[in-house]
Structures are given as C-alpha cells and as structure tokens.
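In what follows, chain A forms one complex with chain B and a second complex with chain C.
Right, the complex of A and B next:
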C-alpha cells in the first residue's frame, strides 16, 4: 500500500541552489523587517499622536495589513499594481508585500509598547531639562524596545515563513526554487521535506540568537 | 527667588488654582500642606512649567516660566523635582539614572557625569548601589535615587511633590532624613507634604492650601499653634 521509493540524490545535487535561495529568503525577510520596523514605528506614532488624514492613513494601513490575507497583499503589489501598468520585479513585490504586512503588525506592537511606558517617565525626564526628543529617545524608546523585543522576534520568524508566498508571484526564493526543482524532477516530497528542514534551521537560528541577544541587552 | 503672581490654573472647567500669590526666597524651606485636591501638587507643576497656566505669572530668578521665548529646558535645570511615584528609569542602573541628564542635557563627558552621579548617590546614602537597577531597590532607596538624580543637575531649587506619600511607613524616615540633610545644607525647597512633623521642624514657612486658594502662610509655630483660618485648624485637627 505504501510503495513510494525515496530518491534523495536529485535534492542533494541541487542543495547548493536551495541554500542560495534560502539566503535570498533570509535577505528579503530581514529587509522587510527593517523597513517594517521603521514604518511600523511611524504608524504607531501617527496613530498615537496625530489627527486627521495622517491618522486615518495609518489606521487604514494597519487595518488592511492585519485583517486581510497576506497573500492578497502580495497580489496587490504584483497583479494589482500590474493592472495599472506598474510592473514590479518579483523581488520587489515580495519585499513590498512583506513590509506592508509586517509594518501593520509591528505598529500595533509598538503602540502597545508606548502605552505601557507611563506618562510620568516623560514628566520626570522633562523635569531634568531634557527636550521631548531626548526624553523619547533616551528614556521611552529603550523601554518600549524591551517590551516589543519578543513580539519583534516573532514577527521576524513570521516574515521568513511568509516569504514563501513569494513562489506564487514568481519569486525564486527558497519555496519558489523548491517548487521549480520539484516540478522538474517530480521528487516533490523529497524537495519539500528538505526545504522544510532548511526553514526550520533558519527559524531556530533566529530564535537562538534572539535569546542570546536579549540576555546581553536586558539586564534589568 | 521664585515669585508667583495671581496664578490661575484650570483643568477644563475645573478651577484648580484660584489666584495664588507667593514668593519663595533663596535658602528658604517652604512646606505646602492641605487636603488632596487642594491644588498643592499642581502648584509645583506650574512652577517648573510641566503644566501650562491660564492666568498670572511665575518667575524664577526674574525669568518668566510660561513666556513664549523662555528656554524652559534650561530653566528646569535650576528646578530639581522629586515625584510622589519616584519615577526612576527602570532600564538604567542607579549610576546611569543619575548620570543621564548631566551627560545629555548639560553636555558633560561620560566620565565627568559618572563622577557627579557617584558623588550624589554617595550623598543620599546609596554609594553601595551604583550598579543596581531600580527594580532591585526599595521604595525609599528609589526615592533617594530620584533625589540624587535631581541634585546631579546642580539645581538651585528643589520641588518635592509628596515625596513620601507612596512609601511604606518604615521607609518614610530615610527619605525625610535626606530632605532634612538638604535643608541643612541651605537648599531652597518647596515641599508639598503630608508629613506634619517635617513641615513643623524643618520649614521656615508653612502654607496651607484649601480648594485652590492659599488660605494661610506663616512660620510653623503660627500655623500649627495659632492658625487664623478655620479651615487650617480643622485640617490640622483631622490630621493629628
């Protein structure tokens, strides 16, 4: 009843290609996270401190990013913009889609972080003669950073895994590359099994280094 | 000299301070007493500009605190403030808590700032706790840390906003002792307080606030022994 013969050799032969694709996965995920943190921070601050158009723009971003499928967001930057004649490369589609999505989630993490630092910390800082910016950058943000540190790690893992959606817009990252080889050799199970192990290893490394970094960064 | 003229403060429709006139001379220790909600804490916040005012004026050594052109960050270096909820910075060690403002506000070098910080922590009896995070300090120690942090800016005035109200009873003494020490050294202090013993023993003058009005001000002996206002007598009778 179970007469499937495993053939690992083709997978092993294309392992270098898979690993190269894995580095592309990591690259796009890291970039999306860096941009996502910057945009997420701006969105959170806009939602906390601003009114009017900017507030509504930020709110719409967060709502759409969190409440629609990530795949649809990728499709928007691919086929959606494509319909209007704006054709992004597969790399840019994935980067834009992931950034949009991560920024939305991170914005809410940051917003929670800012709310968790008491207003009185700013008062105490200002009473010492600090400017609002000094109070924010030296007192508030370091505390927010600790609060959002683990959610950021989570989001980083999510970004790596979510980048696999790239294969549906023609991006040859790890999943796309795997799909490419799998359909050429029909060793579908073997290819995706190995790729799953690679994803697992990447995520494990991220989690471990995050934990090591946390031990160094947060002594209190 | 801190000089307050016809100060009015509203929170929305609520009239919190109703025309306060008050001068505090260099070297003076003034205690401000009164029931919660009488406007005493708000007065302190108006003095260092953490709260805006709606009418009147506050001047510190001739500088109008609330004028548009005033460099409030510079002025606040003269006005140390200690809060009821000490507000130590949890992400910094005791030493870093105290060294931060001298470094980034006054532009001292890192080494210089740390030296100042160590000296001030020694001063308030925390010389052994330099590298400890506030989370590992008791409330009384955190409040002394807050005092050291304010002192590190070399202020000319210290504003204490119910510095002992949030402390466990057995920790009140160490903070009051530190405040006494400062008073003995000649620091100009305005202390909003519920510690009547401190107000009586340490202050040069005591002001009694009632519903946003400064009902009475005078030497402790007069306020505690021979108060003119009915409200003052009632308040003191209830406190004791």
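Right, the complex of A and C next:
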C-alpha cells in the first residue's frame, strides 16, 4: 500500500530551525494580541460611548475585520498598501493583519462584556464616593475581564493559527520556514506533519496555561 | 503616470468575468463543504453526547486536532498525504475533504451544545408521551436545540466560507487566488482587492446581521 519512503532525518536536522521559527510565530501572535486588546478596547468603548465619525470608523473596522477572510486582510496590508507606495516587511504585514483582525473580534467581545455590567453599578459606586476612574477600574473592569477571559484565550489560539498565513506573504515564521525547508528537500509531508505537531503543542500549552491562570485569578 | 513600457495590461472588463467565475468557485466549495460538514458534524455531536466515555476518549481528541492545527497546514498535509496512500485527488477534492472535516469538527461542538441545551426533563416528558427515541430527536431536540445553537452554526459556516480562501495554497483558483493572479498581471492591487473584499463582505455581513437579529428575537 505504501509506495513511499518516509524520510524523517532532514526534518529532525532542521528541527532547531523550526523551533526557532515557532518562537517567532509565538512572538508575533503575542504582540498582535497585546495590540489587539488595546485597539479592541478602544474600538469597543468608541462604539459604546461615542457618536459621529469615530463611531463609524470603529464600526467599519470591526465589521471589515469580522466579515472578510483573514488572508484577504493580510493581502491588503501586503499588496493593497503597496498601491499607495507603502511597502511593509513580511513581519509587519503579518503583525498588522493579525492586529487588525484580533482587534475587530475582541472589540465585539469587549462590547458584550461592558454591556453585561449594569449601568446602575457605576451609579452606585459613584454615589459611594468613587471617582469615575475608580468605578471603572475597581467595579467594571474586573467583571468585564472575567467575562472576556475565555474569548481572549480563544482569540490567542486563533492568532497563533492565523499567523500561519504568513507563509503566503513570505514571512518565515513556523509555516513559512516549513515551506522553505519542504521545497528545498521535497519532503513536504514529513515537514508539515512535524509542523502540525508543533502547532498542536503550542495550542495545548496556551490552553493549559490559560486554565491554570484562570484557576488562580478566579478563585473566589 | 503613464508607463512608457507596457509589461502589464490594465484591468479589463473581461477580468471581472474571471473574478466572477472565481467567486462562484469560492461559493461552490463553501456550500459543498459546509453542507457535508454540517451533516457529519451533527452526527459527531450526537455521538459525543450519546457515546459518553467511548466517544470522549476517541472522537473528541481527533476532532480537537482539526481545531488546533492551522487549516493551511491541514490542507498541505492532506494534499501531499493522499498520493502516498494511492489517492489521486485534485486540489478541489482535497480542499473539500479537509474543509468538510474542519467544518465537522467545529459543528460537532455546536451540535452537542444544542442537544445539551434541551433539558433532560423535556426529553423525559417527550418519551413519556410515547415518542420513540428518534421521534424525540427529530421533533423535540432538533427544533429546540437547533434554534438555541443556530447563531453559532451561522458563525461556523461564515468562518468556513472565509477560510475557503486558503484552498488557494493547493492551486485551486478561488476568489482570492484569482485576485492575486490579476494583481500580478495588472498591478492594480487596490482596486482588485477591494472588489474581492466587497464580495466576501456582501456575502458575510447580511448573513451575520440576520443571525444576530434572530438571536435577539429568540432571546426575548
């Protein structure tokens, strides 16, 4: 049945390179998530509290990020901006694309989280003498954080998985590096199998550490 | 700026036809894999719910793999694995197989959630009224549970529609691949990407809005 000899040796030889590329994957995903959370918060608050141009800008961002393929967004930051003479490096293309996408998805989660905290709580904490900042940071944010914790974890996993699209814009993260080696040695199946295992391991580690952190954070 | 040497021909009306055809291919592979994947995924979801120990030990980890490895890696792996076991699949067939299994893995969780959403008392009541197991599934669980998870199913389906863009790595000329080809020839990335993005958006946005609308109405 198998008229094919598996050659794992070249893969094992380049395993250190693959692992290094995996750390690049993780790096760009984490960075995109941090930026995504910051932008996502701004977008959510803009959509909740502001009117006019800012509201429409935030809405357009969120809807575009959620209703077009992530690959399209990467291409847009890759070739699309090229039309305006703005040529980003592959790293920046992936980072910008992932950030744009994550911010859009997280914004909706944050919006749901903020909406879930009744406004009466803010009024109550204000009448207890808290400043607006205190009301937000001590009453609202902790509750919102609890609600959006799992969506953030999921988005982190998505960010790692999505960063694999970097392969198509010439970014040498885990997938790009794998393709580079695979096309040099023609051991395509072997290389991608090992890469799949690495991705699986990364995802599992993220989920596990998220669960451990949740157990510590949400003890009460 | 008029180029003095014409390597590239501009965007012609003919190219719109080319893109339209590619858009139909995107639609076709999405519809096919979403329908097949939904049927398969519902079956898996039911197995996860009913099979308890056996299913959670065997089926669940397998489905988990499809959710933890980037789709693009799955596609490349399967496309290169099929010839090893003597299957000669074209990009369309490989893409459909992987997209179907990927959809099924996502839908399985949704379907299980749907079955769980129907309370045990309701099902016991149905059985006490003389409904057989299958009648109970068909006339009680499907309408009630289906309604509960319909919005998440729409989310999965739209996600798969957007992810179908990744089948382009196998050389299947769907919308995004067609755009890439046209960009290379016409050097008008912005216009072409905008067209492609508009197509995805026009498909995804109304559907997701409608799903949210239904969700809100049913929640009342």
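Following the convention adopted for this analysis, the second predicted complex is superposed on the first by the 218 of 220 C-alpha atoms of A that agree within 3 Å, B and C clash if a C-alpha of one lies under 4 Å from a C-alpha of the other, contacts with A are read in each partner's own complex, and residues count from 1 in each chain.
Just so we're on the same page, a residue touches a chain if its C-beta (ideal position, glycine included) is under 8 Å from a C-beta of that chain, and two chains touch if they have at least 3 such contacts.
Please read all numbers here as calculations on a predicted model, not as lab measurements.
With the two structures aligned on chain A, chain B fits next to chain C without clashing.
One of chain B and chain C touches more residues of chain A, and that partner is C. Of the two partner chains placed by the overlay, only chain C lies in contact with A:75; chain B stays clear of it. Once the two complexes are overlaid on the shared chain, A:134 sits against chain B while remaining clear of chain C. With both structures placed on the common chain, the touch criterion links A:63 to chain C but leaves chain B unconnected.
Look at A:89: by the touch rule set out above, it reaches neither chain B nor chain C.
Once the two complexes are laid over each other on the shared chain, residue contacts for A:124 go to chain B alone; chain C is not touched. Once the two complexes are laid over each other on the shared chain, residue contacts for A:209 go to neither chain B nor chain C. In the superposition on chain A, A:189 makes contact with chain C only, while chain B stays out of contact range. The gap separating chain B from chain C at its narrowest, counted between C-alpha atoms of the superposed chains, is 23 angstrom.
Shared contact residues of chain A, touching chain B in one structure and chain C in the other, are absent. Residues of chain B that touch chain A in their complex: 48, 50, 73-74, 76-77, 79-81, 83, 85, 87, 89-91, 100-101, 104-106, 133-135, 146, 149-150, 153.
Note for the complex: chain A touches chain B at residues 118, 120-121, 123-131, 134, 138-139, 142-143, 146, 219-220. Chain C makes touch with chain A in their complex at residues 65, 68-74, 76-77, 80-81, 83-86, 158, 162-163, 165-166, 168-169, 176, 179-180, 183, 188-190, 193-194, 196-197, 200-201, 204-205, 208.
Chain A contributes residues 1-4, 63-64, 66-72, 75-76, 79-80, 82-84, 157, 161-162, 164-165, 167-168, 175, 178-179, 188-189, 192-193, 195-196, 199-200, 203-204 to its touches with chain C in the complex.
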